[in-house]
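Below, chain A partners chain B and then partners chain C, in two separate complexes.
Entry: the complex of A and B
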């Protein structure tokens, strides 16, 4: 899978990353926890990398749980 | 008829697995072209084909290798698993060892520490120099358990040439011997020798 097939979900805090991870695990979608790339934040932080095709389902789950986030393309 | 297996950008054992799969699927006499863009994977696939008495020709242009295979037919059954031909030579690996002593990083909140560990393992493949080895002990061995995302990360590192070593005593203690996805089980003598050998040790 190339980087073009991946998206990054950015959150406002590590607490939201941890909560989002639990939700993504629950709906059986593959993901990776990675450090937030420097171009998105100069601070230490983690984000979640997902496969583009899973976006809609994961977004719906996060929105259902009222988690704020931004989605960006991996590698931009 | 001609079938192309494009392995560009893939690291061992993927080219081997895709070649094996294609060999099982093609019709006898069909021409199979396997395209690989790294020399190590090309050598591994070449050994796999030679060992299984499969005729092929190799051509190379600008670092891209094309193996043209006259296929043996659907009854092809390899002598050994394709993955066993995977030998890795990765110039990115250097002489430092990563010592992982628990399944989370730091002291304090363990859930936070687990997130940090995942971030660490998933970012290692992107840094300039890979470690030669990752040694896991105590609850660090849990990172290699089947079905965990951390095992996938360790597997990726292994496929990039990083040796993954697990403490056997710890694997026994946690009762996960049958559930290990990646890593070689070793003992404290080996671990002690490695950690005291003078090589740089990095502990996240």
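Entry: the complex of A and C
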């Protein structure tokens, strides 16, 4: 799968990254924690990479749990 | 084998095996918190955040990001007292406060002219809710309550205090209650709660936490790197980073994580403890300092002897009976002023979940012999 098929979810803190990870695991979606790419304004050092097609379900789960985030396309 | 360590209000011992297990795990695997995004860091960050979540559950709050890691309760209390945005420069404190509260207040008296008043109370230090309600609470910035006294074990009615003081912010020092009694930060509507890992939670020293409900009330005490918003000279506004500069005590947090998962049951019953207090109270030369009502009694109490100084009594208990206690003022001169035990202080016994009824019986046996030898 190419980078074009991936999205990045950015969070303000490691606390939120870890909360989000737990939720993504709970709904059985694949993900990877990676360093925030330089081109994005980094609020904390980690972000979560997901597959684009899982976006809606993951976003819904994060919003349901009141977790603030930004979602961006994985750069090339 | 008897467990004769009765200084758990200072630092608990023994620790559950999980504490050593999780501490060793960190020493073997290494890694840091939130700086980088490789597996070793991710695993540490997961454990740190899981510990924060477990602490939020223990404190009875749904706001896990408002639970901040500190070195201990003293550090947590200093964050609140030194960072508080005072308007009236006057605080209200319970009559059984520890120096963790009174020394920062004294420092602030010298620095900004902060004053304090002691809440009206009964002879055992129990807050008088009726008299508290009669005070002009609009004169104060903050109310500070030691949930359980580290001298006589009196439990203060936090929920009722908050109902009486209304919007006046409340800081609760839960150092002696965490691990023994249920904490309900949300239900009680407390604004700040401080606790430490190394007492009733049976975790390691050097790690504690502060629950802070409203960050607008308190500026950070320390400033530095957080691994977030690294492009700015300013501390981040968001929690928990705003109050957590520098790498946290990861080793301590791992040990605390083990302690919080250990699930140790009490080895004795409340009735065993009640019986012990009643038995000691029957001795002629020994006076017990405890709550007037057993319902409001934590697992700490003090004694004095009619004939022996507190230090001599503690020394006899150790030399002759191998009982480890603490004598003196227990860093709480205000509590001793309240109880009338200044300047000699008391001999303090503080229990652990690892004690058995036999351990409690042994205390009585030793004190009974000492009482007899002292003419009781």
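Everything below uses one rule, namely that the second predicted complex is superposed on the first by the 71 of 76 C-alpha atoms of A that agree within 3 Å, B and C clash if a C-alpha of one lies under 4 Å from a C-alpha of the other, contacts with A are read in each partner's own complex, and residues count from 1 in each chain.
Here, a contact is a pair of C-beta atoms (placed from the backbone, for glycine too) under 8 Å apart; a residue touches a chain by one contact, two chains touch by 3 or more.
It should be emphasised that the depicted structure is a prediction, and the values quoted were computed from it without experimental measurement.
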*Assess the superposed three-chain arrangement around chain A: do chain B and chain C clash, or do they fit?*
clash
*First (chain B), second (chain C), both or neither: which does A:35 touch?*
both
*asked:* Can you tell me whether chain B or chain C touches more residues on chain A?
replied: C
*Answer with first, second, both or neither: which of chain B and chain C does A:46 touch in the superposed model?*
both
*May I ask you to decide whether A:27 touches chain B, chain C, both, or neither, giving the answer as first, second, both or neither?*
neither
*Kindly classify A:12 by the partners it touches after superposition: chain B alone (first), chain C alone (second), both, or neither?*
second
_With both structures aligned on chain A, tell me which stretch of chain C collides with chain B: 40-48, 94-102 or 202-210._
40-48
*Indicate the residue numbers of chain A shared between its chain B interface and its chain C interface, in ascending order.*
14, 17-18, 21, 33-35, 46
*In the complex, go through chain A and note every residue touching chain C.*
12-19, 21, 33-36, 41-47
*Please name which positions on chain B make contact with chain A in the complex.*
9, 111-112, 115-116, 118-119, 122-123, 149, 153
_In the complex with chain B, residue positions of chain A that touch it_ = 2, 14, 17-18, 21, 30-35, 46, 49
*What residues of chain C sit close enough to touch chain A in their complex?*
33-37, 41-42, 45-46, 48-50, 52, 64-65, 227-231, 236, 238-241
